[in-house]
Amino acid sequence: MRDLIEKLTPRYTLGNATYQRADLTFVDVTRDELRALLLELRDKEGFTHLVLLTAVDWIEEGKFQLTYMINNREADQTLGLRLYIDRNDAEGDTIHDIWPTAATYQRELREMFGIAFPGSPRVDEEFILEGWTDMPPYRRDFDTLAYSQQTYVEREGRETHDPRATMKHKMYPEG
Amino acid sequence: MGSLRDVLSPFTAWKHVIETPVTIKNPIGREAADRYRGFHQNDTDKCIGCGSCEDICQNAAIDMIPVDNPKDGDSGLRPQIDYGRCCWCALCVDVCMTGSLTMSNEYTWVDSDPDAFRFIPGVDKMPWDDFEKGYERQGDRMLSGLTRPEMAELEPEARIGNFDEIVAGYSREQAVLEADRCVECGLCVATCPAHMDIPDYIAAIREGDYDLGTQILYETNPFSEVCGRVCTHKCETVCAAQYEGEPIAIRWLKRHIIDNVSEERRLEIVGTPQVLPTGQKVAVVGAGPAGLTAAYDLARSGHAVTVFEAQDKPGGMMRYGIPEYRLPYDALDRDIAVIKAQGVEIKTGTRIGTDITLDQLKADYDATVLSIGLHLGRSTRVPGSDAPGVEAAIDLLRRITAGEEVPVPKKVAVIGGGNVAMDIARSMARLQKQKFGEVGVTVTALEDFDHFLADKEEVTESFEEGIEILDARGPQEIVTFKSGKRKGHVKGLRTWKVTSIFDEQGRFTPQYDEGDEMVHEVEMVVEAIGQMADISLLGDELTEALEWNRGRIAVDADGHTSEPWLWGGGDAVHGPDVIHAVADGHKIAASVNVALMAKAEAEK
Amino acid sequence: MFSFQPDRSQYPDVGPDGKFEIDLETGKFLKLWHGPNHPGITGNMSVELTVNGDEVVEGYTHVGYLHRGFEKLMERRTFIQVFPIVCRVCVPEPDFNEYCYAAAVEELAGIEVPEEANWIRTLILEMGRFNSYMMAMGGIAGALGNGVIGQWMTYVRDLMLDRFEELTGARIYHMFILPGGVRAGLPEGFEARMEEVLQTAERYLDDVEKVLFTNAVFKKRTKGVGYIDPKLFESYGVTGPNARAGGVAKDVRKDSPYLVYDQLSFEVPVEQDSDIWARSIVRYRDLRLTIDLIRQILAKMPKGGEVMTSLPNVLHWKIPRGETYIKGESSRGEYGYYLVTDGSGYPRRVNVRGPSYTHAMALLEHLIPGTNIADVAALMVSLHTYPPEIER
Amino acid sequence: MKDLDKNFKKDTETEFPLREEMRPRKVTTPDGQVIDIDPLADYFCQEAPKVHRKSYSAIVEGFYNWARANSLWILGFGTGCGAIEMRPLMTPRFDAYRYGIQWRPTPRQANLLVISGYLSVKTLKRAIRAYEQMPQPKFVVGLGSCTINGGMYWDSYNTIKKLDEYLPVDLYIAGCMPRPEALLAGFMELKKIIRKGEAEGANKYAENFDWYKANQKSVIKDWDMPDYSW
Amino acid sequence: MTFEWIHIAYAALTLFIVINYGMIMTALVRKIGARVGGRYGIPIWQNYIDLAKNIALRSKITHGVMYYLGPVFRLTGGVGLLLFVPTIYGSVMFQNFSYAGDLILALYFVFFGTLGMALGAGESGHPHSAIGVSRGLAQVTAAELPLALGVYAISLQYQTLNITEIVAAQQGSIFNWTLFTNPLTTIAAMFAFVGTMMRSPFDVVLAPQEIPIGPPTEYHSAYLALMQTNRVLFPVAKVVIYMNLFFGGATNWAEFAIKVFAIYMVSVLIGVVYPRFRVEQSIRFFLKWGLPVGILAILTV
């Protein structure tokens, strides 16, 4: 993999390569070059299999990390391309014409992270959720427990006691 | 249409029509596998209610519910499982600190009432309570560590000839390893008389945030150096980790924090009082842990505090009762420096009754705190206990600290099995080693080793240092020279084997086996069987006026005596224990503060 | 002799983009929902079909009926607390989730797993594959209207569940593969009882071969139906038996061996036709292979040793920042976990790459137009999709 | 477990945008009449179902209840993971048919709705539709922890926690998931309840229809679905 | 044959016996099917309980007149079919309203129920019903073709359209049965029989995996009870025709029970082990195999 990264480096801005395992590498890419890079990797380097496309929310840095995981089945090499995009008005470039199955991933990202993929087929249709009006739920600032408590009813009659406080009271009743 | 075989072959399925159906005849209530994870069981006698199960449950299925008649050392809570949440993952069983929680292989529970699906295993009776089969953890607990890291300490040969501190304290790696074992149940917090936030400062160690750790320590205890070394660590006796492994070394972890924060940094973290002076004056009698803690708290509340100390240096029993190899004096000085930095004035060498009277304090100060400690040794009162050569341990220790000359004979017997006995025995051993190059100390204790009063480490270390410890031996007589040049001087100690110490009512009435008699040939006998307060300084009038409780000054829950201007605390009121004294100091300070603030308010 | 091919020249009209032009107002078309409450659907999902007579002109997969937000829930659970919920991602073959998650955590936390635990993990995975294939065998026969195969297969699967129960302490969600190892070793006499199950399974599989695979009607219904062009495999992310049915001999177990697969000897079954028949027969042969593998594992594995390493205190277990992807060959194709950690006590992101995600969505939607309503169920089952791993 | 974000506020402002064809409007019928239509009203049952009284004769009702108890037709709707344990019940190992328990593919012919585990909001909508389509008397069995108090998805944003808020439940079976044996035990218990004439969930639903509907509407925002239930 | 009022009572008795027989027999058949799968299956009296349960259901929603009439037509088809064929040959009580042209009427009734059902199910408004109905009509038409040809062949053979006479002609020896005298006709007719029994491989009409049980998908409560009654009655009635036409009829109830069961089992034997055809496949099957045999049968007569 090092060879490949070195080979590509002169032509693409690749940063921060992580050689996680012998068969797994992660590398940062830029948005302008993503498309060309993916096409080259698919057509010339044998990375023909799109394993997954997902996002990681680095809310502290105001970034979404899009991970394009592609696989070369012949050489048994997996390459994860990390693309950082701005978290506000997040937008990615659709790659459904390179891999048709990416359209599904992009639909999911649109719904669960609120990342727009203009041009991707049916990307704005509801995918998993139905009647969802809140913020995209996979964003870090969405608190699922708080939402759940504010939306659904839980069975009442449960209360718990802190062992620390109870024991303190038991041993030192006067305080 | 394909070959004929394709048409006919499927009919072979019909051969099954003559076979007996494979159906289970009576499936309802069929026994599940031996390891099956069904409904919970809990051995409530073993359970300590630490709540680790509640912490690990990712379904929030477990509530801790108070139960009747809890035993000592547990929180009085037992887990209640909500089967509207449980997913039968058994992480609670895996994490259980005592191994009390298990799962039966029962799995059927149907009910039309949705609120019925919760119960307290072991408390609420369930049909599967007695099931033998089911899931229990295989082997040791794997989800948190079992053993303490070994701490570096001086070898016996290296330490016996001097008063250097023995233990080195944890390294960063060791401390993190040890801190990692904590399950943050907080039983220790409850047990600690000062209610130190132990899990929190242990967490600070894991994070490597020693500043935060120091801050947490100072919230509840200004004597971290001291307590990090010599605390009686009651917390460790209830530690949830002790049931299947060793308890967390809480004391050493506390010391680890304070070791990693320089004195200057500590002063920065603790800072100085952040309130305006109230104009109220407080006198504290005795610069021991209780008095200094009270002084620290009161000073931080904005009161002017003066501490009167009879000895030359502050610290009280911490300095004069604990040998240097356990608590180096500079460690104590560092603690006291922080307290002094709060504006506390310490007048050493000022003895109440001789240099200044309590009446004067009453007149000059708005409140007085009495924390005079226990500085008089108790005597066994066996025949010969008033002979020359019989010493009180507490007195000897004070003299060693103060640098006074103490007699060091070749053979010494120590009566007593507590930590003070160990202290004096080991101190004498060091002096003997320095003087003669060999150790000749015999400790005779009433208790047997199973019920020994002194800490385990003390005993082991004493053995390592060549001290002879005889358990279950009661002193009968201190034999003296009947004649000769040394007539009347100690010649030896005669002891009997102890068969029992307490009677059926729990009263102290030792029984002896008179046939098992030993006479220890010694030149000096040290009595280390307890201490008492020197109440002579109170003066007759005050002694009359105060209420008493079994020879100790009676105080209410806030440390207030029957005299409105006088508070009392520390060893003199509650018996000897540093951390207890600290807790007392806090309590008194709070009470004094309330009184003074009211007074200041009234004066305005 | 007879030609019943519908005359496509009439309608539906084909638009300029090469797709059918569908105007529901004309009354020529009917919207037909397969699922979620529908016996022909594989689990709780639905396919929205537009039919013209018995012919489907358009189909959209709708998922989300089983969405629980796993990836979100995992982000607020500690690393050990994630362990009980991962298996719920895929009901019929939960163990893959446990393995992938455990392996990902182990890799990022630098934990070594005892050798015997690896063998037991492999055993568990193969047992899970066995169960999954049993369901698939019954499913494909059931979708085409032959219930008796499903009866037998579920029975055999149930016998295997008994073995699971004995080994792991649970029937469906085993919660057995913890990060750091597995919960326990093999119980006493396990091999003999397993052998019994395997023999029963083989007996029933012989019957399946006679009843299902030597069956004129079954052949008629499956041969040439639901053909996937092998050229589409790459672009649609087709993996596992679905790809192997089209002549692509790719199997993660063989190509990048994980656990102890490098110590087992096996040949991956491959078919060429890429239709429902080929996919069924590939699964059947893979099932036979699985039985063989279970035998090999039980014969070769070490026994009675350590199966679990001591973990750091899991109540406050932190894993340094990193990311990794762990994959394995599940019964449906490449199953993977993408785990991102940020140095805290919680995963930053867990992404489950279930093979059904690509198979049931883009691929199925691509395959459906032009099929018969009656074939939709069979097509779906032949792709062997499990909805929960799509929507998680 | 991560702490609750106390600052998080659910977005209660945004209304789910109604699709064009869902909005109430006036249409002209082919014969020239102008009528008001409210499509949404048809999509979820707004008209309260009828409360059906028991048969006047206790003997007849007793016989009916016996028949109902011994002919439990379960709707084959696997709402959650528990559905996988229904399959062994239908097959040789446990063979629930012996006990008069059978599976029907259509809600019109089923009496028993088994909520097999958690219900996501999306499935809840379908489950309610299925329930409302089932003929009276109908029974609901909640299967597994999730139906009792949320189960392991207690903090999920997409699953309901208390099934009895939305549908009248006759019986719960604890487990995650319950084994087939436990399910059978549950069905036997349900039979007892039916025979005692206590399984009147459908009437309860009809009587408290407004309450149930309000609860349902509080979680289901989008009521659009095909006008038949599959 | 003269009509007497007592015949109505006799016919009612026939109906009663046949319905009960059908109830038990279909349950038994299901038990046998379950055995192949390796289980015990439903209790033998389960059909009665189901029937009682369905009658006991409280809600009865109708979608219109035809919806209501659907099951009625269907049951009429069954009852009519049964009543116009002699159930027990030679018995005054159980020969029913047999008359000279009853074979044609019987054929009509075979279709009648299906048509009625189609109308009723169509009105239920459910697309699955609609698809089921269109499939059903297409398939039944194709499947009944060989039967029609077979009946034509048989009427040619026996030179009558009266079932009783056809049965009479087959009495005496087992080799007088049409099965042996004219095997091709029988085979052609059995194609139709298997094709209309709604069992695999020709059950695409119901096909639970595709269009949940097709036409009756909206039927419930008492409507379903009616249909259930028909479902036990109609197949038996149909089997009675086949029995009378090809297997020598029955001269007593025991013979009746055995023969009906045996003929019924033919469809079960096939149904249990085969998957189902698609609708166009089954039509093609009938046209390819059933039709030629039927034509051949006519030609050979």
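Some points to look at:
Each chain carries a letter (A, B, C, D and E) given by its place in the written order, and its residues are counted from 1.
The rule is simple: a contact is a pair of C-beta atoms (placed from the backbone, for glycine too) under 8 Å apart; a residue touches a chain by one contact, two chains touch by 3 or more.
By chain, with names taken from UniProt: A = NADH:ubiquinone oxidoreductase 30kDa subunit domain-containing protein; B = Oxidoreductase; C = NADH-quinone oxidoreductase subunit D; E = NADH dehydrogenase.
Please read all numbers here as calculations on a predicted model, not as lab measurements.
Removal of chain C in thought leaves the touching network of the remaining chains intact as one piece.
Traced through touching neighbours, the fewest hops from chain B (Oxidoreductase) to chain E (NADH dehydrogenase) number 1. Compare each chain's C-alpha centroid with the centroid of every protein C-alpha atom shown, and the nearest one belongs to C.
Between the CA-based centres of chain B (Oxidoreductase) and chain C the separation comes to 56 Å, rounded to the whole angstrom.
Work out the mean CA point of chain D and of chain E (NADH dehydrogenase), and you get 37 Å between them.
With each centre defined as the average position of its C-alpha atoms, the distance from chain A to chain C rounds to 23 Å.
Looking at chain E (NADH dehydrogenase), one finds that residues 34, 36-40, 127-128, 208, 212, 272-274 touch two or more other chains. Within chain A, the positions touching two or more other chains are listed as 129-130, 137, 142, 144-145, 155. Multi-chain contact residues, meaning those touching two or more other chains, occur in chain D at positions 1, 91-93, 95, 98, 105, 122, 148-150, 152, 154-159, 162, 176, 179, 228, 230.
Inter-chain contacts occur between A-B, A-C, A-D, B-C, B-D, B-E, C-D, C-E, D-E. Listing the residues of chain C that touch chain D in their complex gives 31, 33-39, 43-44, 46, 64-69, 72-73, 75-78, 81, 84-85, 88, 91-92, 135, 150-152, 154-155, 157-158, 161, 171-173, 346, 388. Remark: chain C residues 77-78, 80-85, 148, 155, 162, 165-170, 173, 175, 180, 183-185, 187, 207, 210-212, 214-216, 219-220, 308-316 touch chain B (Oxidoreductase) in the complex. Looking at the complex, you find that chain D touches chain E (NADH dehydrogenase) at residues 49-50, 52, 63-64, 67-68, 70-71, 73, 91-92, 95, 97-98, 100, 102, 104-106, 108-109, 111, 135-137, 202, 228, 230. Of all the residues in chain B (Oxidoreductase), the ones that touch chain D in their complex are 21-24, 27-30, 32, 58-61, 82-88, 107-112, 114, 117.
For chain A in complex with chain D, the residues that touch the partner chain are 129-135, 137, 141-155.
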